[in-house]
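Down below are the structures I want you to see.
In the two complexes that follow, chain A is the common piece, with chain B as its partner first and chain C second.
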Partner chain A sequence: MNKEFKVLAKPYMVWLSVLVFVPIIAMIFISFSNLNSSISVSEIALSLSHFKLLWESSTIIAFRNSLIFASATTFICFVLGYFIAYEIKLSKFKNKFILLTFVILPMWSNLILRTESLANIMSENNILKSIIGFNIFGNISGTWMAVLFGLVFTYMPFMILSVYTALEKIDYALEEAALDLGLTPFKKFWKVVFPLSFKGVVTGSIMVFLPTLAGFAIPKILSRGRIVFIGNIIENKFIYTNYNHGALLAVVILIFILGSIFLLTKFDKEGETLL
Partner chain B sequence: MKKIVLTIFLLSLSLILVACSSKPKLRILNWGEYINDDVVEKFEEEYNIDVVISVADSNELFYSKIKSKTTAFDLVIPSDYMIEKMVEEDMLVELNYNLLPNRSEVTYMDGVDQIFTSMSATTLERSGQTINYNNYAIPYFWGTFGIIYNNRVEGLEEALYEHGWDVYFEADTYFPTARRGMYDVPQFAYAAAMMYMDNNPNDYNTELLNSVQTVIEDASFTEWGDDTLKRNIEADNLDMAFTYTGDYLDRLYIQLDEGKTLEEVRSDFDIYIPDTTMVFLDCMVIPNTVTNLEGAHQFINFLLDPENAALNAEVVGYAVAFEEAFDIIISYLDSEDTWRKNWANANSIYYNMEVERTYYPLTTLNPTDVDAIGTMIQDVITG
Partner chain C sequence: MENNRASIKDYGYRDFTKLNKIYSIFKKVLVVLIVLGLYLSIIVIAIQSINESRNLSIFTNISFQWYANILQEEELMQAIKNTFLVSSIATVLATFLGTFFAVGLYALSKKSRVLWMLLNNVPILNADIVTGFSLMLMFRLLMVVFPNIFGLFTLVMAHLFFTIPYVILSVMPKLKETDPNLMDAAMDLGVKPYKALIKVVIPAIKAGIFSGMLLALTMSIDDFAISYFNTGAGFDNLSIWIYAVIGRRNLTPSVYAFSTLLTLFTLVGLLLYQFLQRQKKGKKDEKNSFNNISS
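Coming up: the complex of A and B.
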């Protein structure tokens, strides 16, 4: 039986190595060499000349934007998402699955479509305004508020779901014991429930932080091209076939991602919240 | 078990047999929504060739697909600057004009000839080579760039026709309230600023780059977009944007289809084409991956027929490249069919060839310059 399982695991291992490991190695190689589409094999040499890109003011600002927006989005998602998840857990409603379905409902429509619609109703004259007569968002299209709103709106479900999973696993007996031993409900939450659900918060934060950090579609659409994330710069580098610069920036992002995963393993040694 | 294997074998065999029809194939690499299916069908029937069309959405992708040779394309439709690059890297096959008898039946539009001349001139300057691009390319469509503007803003139209580029780049002087958008392609923004400064948009040096940076910074655009520009002007969320004339016509035709009249649409939003403007020319070229050389020539010859070219233009918002095809379109001005009449009207207004203009196709700058322009634009945006 075990042997058969091993065989079944092979296709994915092949897929993983061909489409993940090899490209990552290629990416690292390209960012350290002068390789490009019009160079012949004999001329390939290692080169660190691309690294001055990292000191370019647009690169630094794009990194700063990505980091600030990713952190702010994660924080807002945590504050708002945690309590939604907690409310769902406490809710007397029998079928919690339906509540969770509502949470992920926005994800059923395509991300780009959703973001484009958001951009539309955030602009001065839009379809919603012509129906209800006023602008619910004001005219924030093209500003940082629009981008932040879009990011929170998009990634909130990831936070809610991972926090909820962690909350669900907490044995109710522990909470009863805490109350029995004289803790107030608030203290019980703070000393028992929150620490036990912290792994969920970490997982959720990473699931919000990473896509926000590396993303480019949402800021591009909602800021009307005026707020540049590092993802936008990478996209542009690849569109204009400057693979070396694109790869270099992608490697830098990779370092951030590996760092976050390292952080995750510190908090969650069994990795159970990721499952 | 044997039965299952046999069934699978038979099934896959029948699939393979169905896929291999005996007809010869012609593989075309094209832009999306850039060919009239009726034209393809007509060609397939007439020449008994199976046309397979693949789609890519940038010249750079065309380049990498031809370069990598993963699919053997017989015909590609890249733009001017990419044709220069492809010829330079020996990726194209010279055309055999003996197989293109229809070429003598058509006259290229004046603007198209200007573009070919300009391409040869920039190549000469860049690499010292004299190349006649007519040896490699037959024009497919071409088009100008212009400034789409919101005609609901009073006085904007008059200002544009009086001061041209200045209104767009110095809005603070001419029209402080106007919301302006720029096309999100660094070289387009660079070229627009260069034309505003009365320079050739294909010139490049560090000094020019710095003055362009100042111009674009001062213009403080409210949006950097692509297809979003035309939609925002249409929706009254933007007042001016530099973009393809075809982008405007695309929205125009959609609104006409919805029952508006040409005058109604034009009073909402319209396009101003400056006297000095950027143009592009897309051409049919045969890459060196070609396997069906005869079929590729047959297809090019087929589209050199003015009637087929005009038919092809019916679904594409850009300008036909042959005078004879343009005349066919203009003859629809008296047509009973409202759509054709509107279409002829739009062509006579926006692709009016009587107006003398200076047309600049963009050339391939060398990669480090393209990069410097890209970085400059990013610096302006991140401010």
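Coming up: the complex of A and C.
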């Protein structure tokens, strides 16, 4: 491509640098200082006083909840999502695009509304029960099972898409070769197909893990406020305009995210499986 | 000692027919269950939208009154309008800017391109809550100069921030696929570089631009967390409005009606797109085969 077009990237470089770095620096600064809306400029000083928040039991429990739920969701999404992606790849249906469309179609309707309707049918007397006569979930409203179910089926499409993208790129000749050399179909899968699709699994896992870890709407709606994620604490700090604490917690989440991005670049240099 | 005749199993053959049968039944059941899980919420929304009663826990009778009622719900209509306003501005701008940014990034050396593409992934991979919260802090600092900044402006800026990367990500592979000679040929024929870009390169990558636009629109229309932190002055989009109303347990069933209509609309749109795409392809194939015969 013509080198002259480099100029076109300049505004984006400025835009990205400003909007990626300035907010993050502001966030780090606010979490380390006593800055708030009622303080005058001369009184601003660095302080570590907000860090006490990190050792409060409510924060630790929230972090534990977020991590446990995010890990469990990622694992379940990996097992079930990989299975679906593999079935789509194997299916004799010619138009794979339509199958993928059906997988991601639910993502096009409003996330909050979908979660709310899930919460509705998880309570004891619900609209499905009044039609089909029995309760498909039992009464799990407000429990960890409700939250896990919501998270898994909300984020699974990301896993399916990433894994499918990686699976699709595998040359069938390799699979044939593996079979010709005497592997059973099962061994072929483990020794050839799975390692080649691992890039997609990593991308998919990150795309499931991160939004789950930092989410706040789904746990709040499905647990009826009983299970607190770290996102819920940040949301509360935001509502009560305690930006220092909110910023501090957001910085901690950011550290997890940077770790994941680092992991991703090890497996996938230019983000090819991101879409 | 006695039994040293090699059986077929010693050569690695195993009989899997029985296991395969069980596995294939298990597979079918699992696929059905997972698809049901994915669609459960959509199905429930659809049922709630045709329920006559306002009570969400009892199904009384089929009725389409909530569909007719959508236009009468003022708050809902306002939220829908806001959502479409923000998303259409953000999508158009993101598609236009993202395309040219992608061309610019593609013209960079490989090393700096990889670096900038990495940075381009940050808004996509960063958690919504961190993006939303940090942007909110920055806009709050700007409030010293522009006091009424929160509202439409901050929402559009925030949406641009996370939609442009998607456009770039879907345009970039198409740029890599285009023949570099195309551009040279156009310039050899005396076209200026930017005219060549518009006349030759853009048409070649238009599929990428289109899918980037769709992605940007999808992300923007359904966004909750980033918008939640960056809105102000009562400028609620649909997600924020629903989130606020379910807290008060007083959601009008018209929302379900609207959502169901939107889902059906998307489904029809996608199938139509697929159908048209196929027809185009079919025509091309016919042409190709015709050329093959005639040559």
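Worth pointing out:
The criterion applied here is as follows: the second predicted complex is superposed on the first by the 253 of 275 C-alpha atoms of A that agree within 3 Å, B and C clash if a C-alpha of one lies under 4 Å from a C-alpha of the other, contacts with A are read in each partner's own complex, and residues count from 1 in each chain.
In the analysis below, a residue touches a chain if its C-beta (ideal position, glycine included) is under 8 Å from a C-beta of that chain, and two chains touch if they have at least 3 such contacts.
Here the structure is a predicted model, which is why all the values come from computation and not from measurement.
With both structures placed on the common chain, the touch criterion links A:R226 to chain B but leaves chain C unconnected.
In the superposition on chain A, contact of A:K10 is made with chain C only, not with chain B. In the superposition on chain A, the chain among chain B and chain C reaching more residues of chain A is C. Of the two partner chains placed by superposition, chain B and chain C are both touched by A:S123. Within the superposed three-chain model, A:I61 lies in touch with chain B and out of touch with chain C [touch as defined at top].
By the document's definition of touching, neither partner reaches A:T143: not chain B, not chain C.
In the superposition on chain A, A:A247 makes contact with chain C only, not with chain B.
In the superposition on chain A, A:W108 makes contact with chain C only, not with chain B.
Of the two partner chains placed by superposition, only chain B is touched by A:N236; chain C is not.
Common to the chain B and chain C interfaces on chain A are residues 123, 125-126, 221.
Listing the residues of chain B that touch chain A in their complex gives 58, 60, 63-64, 67, 89, 181, 184, 186, 222-225, 228, 232, 235-237, 367, 370-371, 374-375, 378-379, 381-382. Note for the complex: chain A touches chain B at residues 36-38, 56-58, 61-62, 65, 123-126, 141-142, 221, 224-226, 228, 233, 236-237, 239-242, 245. Within the complex formed with chain C, the residues of chain A that make contact are 1-13, 15-17, 19-20, 22-24, 26-27, 30, 80, 83-84, 87, 95, 97-98, 101-103, 105-118, 120-121, 123, 125-128, 130-131, 149, 152-153, 156-157, 182, 184-185, 206-207, 210-211, 213-217, 221, 231, 234-235, 238, 243, 246-247, 250, 253-254, 257, 260-261, 264-265, 269-272, 274-275.
Listing the residues of chain C that touch chain A in their complex gives 12, 14, 16, 27, 30-31, 34-35, 37-42, 44-45, 47-48, 51, 56-59, 97, 100-101, 103-108, 114, 116-131, 133-138, 140-141, 161, 164, 166, 168-170, 172-173, 175, 180, 183, 187, 193, 196-197, 201, 215, 218, 222, 224-225, 229, 238-239, 242-243, 246, 251, 255-256, 259, 262-263, 266-267, 270-271, 274, 278.
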